[in-house]
Each structure stands twice: as C-alpha cells, then as structure tokens.
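The data blocks that follow each hold one structure.
In the two assemblies presented below, subunit A is common to both, partnered first by subunit B and then by subunit C.
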Partner chain A sequence: MIALLFYIGAAVCLFFLMFALARPQRAPVEGIAHQFVEARSSLQTLQQGLLPADLLNRIFDRRDLDYIDGQAAPEIRRLFLSQRKAISLMWVRRVRSEILNLMHFHRSHSRFHTSISILTEMRLALDFAGLLFVCRILETIFSLRGPYAAPRLVQSVASAASRLCAASEKSLAFLNVPGVNAFRGDSTPGNAAV
Partner chain B sequence: MWWWAGLLLEPVILIRSLWTRMFKWYPIFYLYLLCVFVGSGVLYIGTSHNQHFYVQWYWPIQLVTLVIGYGVIVDVLQKSLHAYPGADRAARNVGFAIFLVVFLWIAALHAWGPHWPLSRFVTRLERDLRLVETLFLATTIVAVRYYGIELGRNLKGLAAGMCLYVGISLICLALFNFVGHRFDFTWQNLQSGAYTVAMGIWAYALWNYAPDPTVPPDDSAGGYSALADQTRARLTALGRHLGGKEQP
Partner chain C sequence: MNLSSNQNDAIAAADDLRRRTLAQLPLALERLIYLASTRDYNTGLYHHQGLAQRYSDAAACEGLANCHRESFQELLSASLEELVRQLHAYAGSIGALSSNFVTAWKALEPYRVAVPVGTDPLAAEFVFSNLKVALTIFEHRLFQPLPAPRA
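Then we have the complex of A and B:
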C-alpha cells in the first residue's frame, strides 16, 4: 500500500509541476545589467525612504501606545493599534519582498555560470526558504498579537537594516561611476545633458 | 476508440513535421513517435494473424520506445537549458544522480527480489522505469522553474505531453500491480486516453516552429563563486536581521 501511494504521489507531483510549467515565469527577460540597475534603485528606496532607523523607531516605539493609554479613550486606542498593525505588516511584507528580490537576482545570475556548485545552490535555496519562513512567522506574530509583540526582533531589524544595505551596496558599487556626477548639469547651452 | 484516435494523430504529426521541417529541431521526439507508430502497427497486424504475437513482442517494442522516451526527456532538458550553462549543469547532475540511484535500486530489487512470473515481472519493470522517467522529468521542470527560464511553445508542449502520458502510465501500472487484472479495461482506456490527449498537445504545440523567448545576455562581472559569496553575505546579514540577537 505504501509503495502504491509513493508511485501515485510521484505522478501527482509531476502533474502539479506540469501546471507550474504552464504558468508564466517571474524572471524578466531583460539583460542582467537592467536587473543590476533595478537592484540598485530598490536599495536606494530602502536606504532613503523605507528603512531609516528613526522611521522604524516611530512605527514600533511603545511610548506612543503608552501615551495613548494615558490620554485617550479606548476607541482611539483600538484605532491606533489597528493602524500600527497595518503599518507593521506592510513593513514585514516589504522585507520579505526584498528577500524574494535577492533570491531572483541570485538565480538569474547563477544560471549562467558553468562553475555552479550544486551544494552551494542547495544551501542557498534552503537559506532563502528559511528566511522567507521567518518573515511569515513575523507576519503571523504581528497579525495575531499586534505590532508590539516582538520588540527585540524589531530592534534587531532596525540596527541590521544598515548592514544589509551596506552588504548590497558592495555588490552594486560598480554602478556608482564617479565621473558621471561631474558631467551632470554642466553641459553648455544647446548640448545634451547627461 | 482512444487507441485508434492516437494511431491516427501520429501520422498527422509526423507528416506535419516533414512539411514544416520540424524534425530537424526535435529529431529524437519524431523518432520516438515513429517508433510508437510502427510498433503499434506491427503489434496490431501481428496479433490479427497470430494470437501469441502480442505477448511475444509487446515488451521488446515497449522497451525500445521507453529507451527513446528517455532520449526525448534528455533532449527536452538539453534544449530548455542550453542557453543557461549553470542551470543546465545543476539539472543534469541532479537528474543523472537521481536516475543512477533509482535505477540501481530497481536493478537490485529485481535481481535479489522474489522471482515473479514473466508478465508480472514485465509490468513491474515498466512501472519502475516510468518512475525513473517521472523523476527525471520532475527534475527538469524544477530546474526550469527555479532558474526562471521561459520556454517556447514547442518545448512546453513536449514536456507537458510527456508529463501527462508518463504520469498516467505510472498511476495505471502502480494500480495494476496492486489490484491485478480486475480493472484491465479501465487501465488500458485510461492509458490510451492519456496518450491521445498527449498527442493532441503535441500536435498543437509542434504545429509550427516556435523559438524560445530571447535569452537575456549575461553581462555580470565576476565568476560564480563571487556571486555565491555576495549572496551568502547578504543572506547572513538578513539572517541576523530577522532571527538573530540584537546587534550593538
């Protein structure tokens, strides 16, 4: 009976894969250079707009809740908590989407390298899966217990965000061409501006 | 009825391949189809003259088509990933490792297992060979999906038809080995039906040559190890970031 289930399970998995094959792929067909530029742009958005430490402190600082507790009516507290929850969920989803971007970025590069290491690829695939899982756990914690349920984790995220950006910046550093800034806006009238 | 429909679709696909010169692009697949067509015809004509012909010749013909079927799967793998050497290498290594392990395991089971009557032995062996085909196909599709490779209509259709036929065959053979001859008619109809549907998919997918979508150029700097190191560094940072201890 177990053998029968194994054979049928293998066939069913193949059917699922067949349907997966029919679905359009997420990876873009543009050149790798385009992806590098996109990764760079995403990094800048993170550094300057979405993950600065003071912004995260504003979202997850418990003193705001303490202030509301001391000053406002219970309805205001409920409204405040629901809005903070929505923001914290948005934040963790954004982190998850960054990990996914990183994963796609790696896969779209490694597929070209003949010196690919199967073990490294498998290990990275497991690491990605683990990180995505942790993000899902954080999302669940925020959904069930609110934005203030995991303060240490949030603090570590706030301090580690800069490290992540620095690590990413290194691999994309070649896109910062110093000479380009020197030309920007310096063109003589009538000539093309860079 | 299903069997006849499949037998009629085979020459349609073969003649169309001569008309559009598609056989140059997928020679192994058309050889497979030709073998199945000739084999089915020979079995049908032979059985109508001699009742024992089917029993004598079914397995040798089936073995030949199975071996060429493996060739079709390897061809699909090669053509899907030829522009992506890294993905090709990964899929090929994993695929052949699975193939070797399962094949040796099956060979050992058949060599040292109980001695079955010939008909039982043949169906078990066919089931096990279909399992190896299933795993090889699955590896190919996982590689294609994992590395985000877009396939053209021809290759998608080839793989989908193979998946359908191999999957249904595996289920039928597994159930046949478990339940026995009681549902012979059902298994045969199911298998013939799956083959005819697969034929329909192949006829649609291979009606014209459809090249694979444009391959993005690899203009990245550095080798694989540099890329893997960069990714690992970023993953470590993310790991600390999400689940590790608070950093000073």
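Then we have the complex of A and C:
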C-alpha cells in the first residue's frame, strides 16, 4: 500500500513537472525586443569581429614569434609573449561571452519563433555547452602555456562558434528585412550619407 | 541628392584621395595617421577642403572614412616584421629617427586615437599591442647597430 502511494505521488509530481516545462512561457514584450537586439549584436560581433579567419591567422601566426626569436633580446620576447597572451585571452573570453549571450537567447526565445525539433534543440544545447567548456579549457591553456600552445583547439573553437552562429542566424533570420542592406552604408556618425 | 548619387560621390572621392594624396604616402601607418588627422575629434566627421570642393562635404567625409578603414585593415593584417619596417620608415620620413620619437610614442601612444570609428575592440587592441612591441624593437635597434648581412 505504501509503495502504491509512493508511486502515485511520484507520478503526480512528474506530471506537474512536465506540465510546468511544457507550458509556453511568456516573456515581457519589452524584454523580447531587447534580447533579440542583444542576440543580433552578439552574432555580428562574432561573425565580423572575433571569428574572421584573417584575424585569427594574424593573432596566432607563429611567424611573428619566429621573427621575435630572431631578435635575440629576451626582454622583447617576454614583452611579445605577454602582449600576445593578453590578446589571446581577450579573444577567447569575448568569444565565450558572446556565445553565452546567444545561448541565453536560444534558451529563452528562439524556440518560440522557429520550428526547431527537439533533437535539433538538444544538439544545439550540447554544442553550446561543449563550446563554452572548450573556451574555458583554452583560456586555461593560454594562461598557463601561452598563446601558441593549442593551435588546433583555437581552430576547433572558431569552427564550432561559426556553426553556432549559422544556427543562430536562422533563428534571427526573420529580422532581416529585404532591401535594408541596399541602404546600409559605412557612414561615419552624423554623415548625410546613409 | 539621392542615395545612390551620394554613394557614387563617396566612392569617387575615395578613389580621388587614393590617386592623389594617399599615393604620396606608401606606408599604411602613414596613411592611418594622416587620415585620422583629418577627423574632427569632437564630431567624428572627416574634413578635406579639396575633396569637399570637388564633391560634397558628405562625400568627402565618407571617402575619407572608407580610406581610413582600409588603412587600418592593412595595418591589422601586417606582420610584426612589416610593422617594424613601417615604423622605422615612418620615423625616417618625418625626420625623427631618435629616442625622442620612441619616448613620445611610448608615453602618448598617439596611435590610440587613430583608430576608425566602429573598429572592434579586439582588432584595435591587437594593432596597439603589435605597435607597442614594434616600438620596443625599433628602440632596441636604435641603440644597437643591425648585424652585418651574411655573405
């Protein structure tokens, strides 16, 4: 009898838990717009500022280190390595922070605006979690062993981040108004040209 | 004036600038500093009297801004070795191959105000960091003669 009551109790608890999880969440209207703008901004920062291959190749280019080694001045080598380490750490921390923003966006809003299957959602969640974890590992490696210690990991972080950007782009695609790009210029602030 | 006319004028102004003024400045570092000096720090707008007369204030501003971004991109993609060479050539071109140049650049870091608006902070910091190292190498070389080339 006690066992039966226990199972019934567990079933009721499970039912309420599933009901709470499946219930559509309503975010405040003003919050949604803000999160969309933030997600869009993170996406642009990643795609245009942090992940371009040219920039990554420059930051982690070993030829600079070879050139410094040819200078035969230990203080220059120390300065170079400390500078490049600071830049590498800045890069990985910013990638992590922008990916975190995208993950928050996906977790809270994107599922209500796009038809993503449970399987895709789970895969995305795993990708986000994996990337954030690898970013932490890379940060530790940069801190302990310098910017040139894990070139393959840098590449894999960049590739994984690009894949997540592509997935997020689909979720934010409805924000792309056709024809807006034709009006978008690189104007300086206050300039008459659009 | 419509949108495409404005854009065409800005493109023409940038081309004009590249052919005339910037052709005299072979180094990306020189161009960056020159173009940054045409920008009003209070408004962020670029001014060039000759270009504005030929095109319009807006087109001249847009053309200068585009060239400024180009120069920054060039500097961003330059290797450290190339940056040291440019720094040396720049100091030579303004007649400042001395420790005063190094002291002033180290203390004032004038390159920090030469970054185009909208540049990602990582790209800006990367260029500053490279310039800092290049300046140290340049300083080192000022006091140590270059080794003789091998036969």
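Note that in this section the second predicted complex is superposed on the first by the 115 of 194 C-alpha atoms of A that agree within 3 Å, B and C clash if a C-alpha of one lies under 4 Å from a C-alpha of the other, contacts with A are read in each partner's own complex, and residues count from 1 in each chain.
Assume contacts are C-beta pairs under 8 Å (C-beta built on N, C-alpha and C of every residue); 3 or more make two chains touch, one makes a residue touch a chain.
Just so we're clear, the structure is a prediction, and the values are computed from it rather than from any experiment.
Contacts of A:I118 after superposition on the shared chain: subunit B is touched, whereas subunit C is not. In the overlay built on the shared chain, the residue A:M90 is in contact with subunit C alone; subunit B does not reach it. Contacts of A:S108 after superposition: subunit B is touched, whereas subunit C is not reached. When the two complexes are overlaid, the chain among subunit B and subunit C that reaches more residues of subunit A is B. Touch criterion met: A:L79 reaches subunit C, while subunit B stays clear of it. Of the two partner chains placed by the overlay, only subunit C lies in contact with A:Y67; subunit B stays clear of it. When the two complexes are overlaid on their common chain A, residue A:L144 makes contact with neither subunit B nor subunit C.
In the superposition on chain A, A:I8 makes contact with subunit B only, while subunit C stays out of contact range.
Applying the stated contact rule after C-alpha superposition, one finds that A:R58 touches subunit C and leaves subunit B untouched. Shared interface residues of subunit A, touching subunit B in one complex and subunit C in the other, do not exist. Interface residues of subunit A, counted against subunit B in their complex, comprise 1, 3-4, 7-8, 10-15, 17-18, 20-22, 24-33, 36, 95, 99, 102, 104, 106-118, 120-121, 124-125, 127-128, 130-131, 134-135, 138, 152-153, 155-157, 159-161, 163-164, 167-168, 170-171, 174.
By the touch criterion given at the top, residues 84-87, 89-90, 93-94, 127, 131, 134-135, 137-138, 141-142, 144-151, 156, 159-160, 163-164, 166-168, 170-171, 173-175, 177-178, 213-214, 216-221, 223-225, 227-228, 230-235, 237-248 of subunit B touch subunit A in their complex. Subunit C makes touch with subunit A in their complex at residues 3, 6-7, 10, 43-46, 57-59, 61-62, 65-66, 69, 76-77, 79-81, 117-118, 120-123, 125-126, 129-130, 132-133, 136-137, 140. The touching residues of subunit A, when paired with subunit C in their complex, are 45, 48-50, 54-55, 58-59, 61, 63-64, 67-68, 71, 73, 75-76, 79-80, 83-84, 86-87, 90-91, 94, 183, 185-194.
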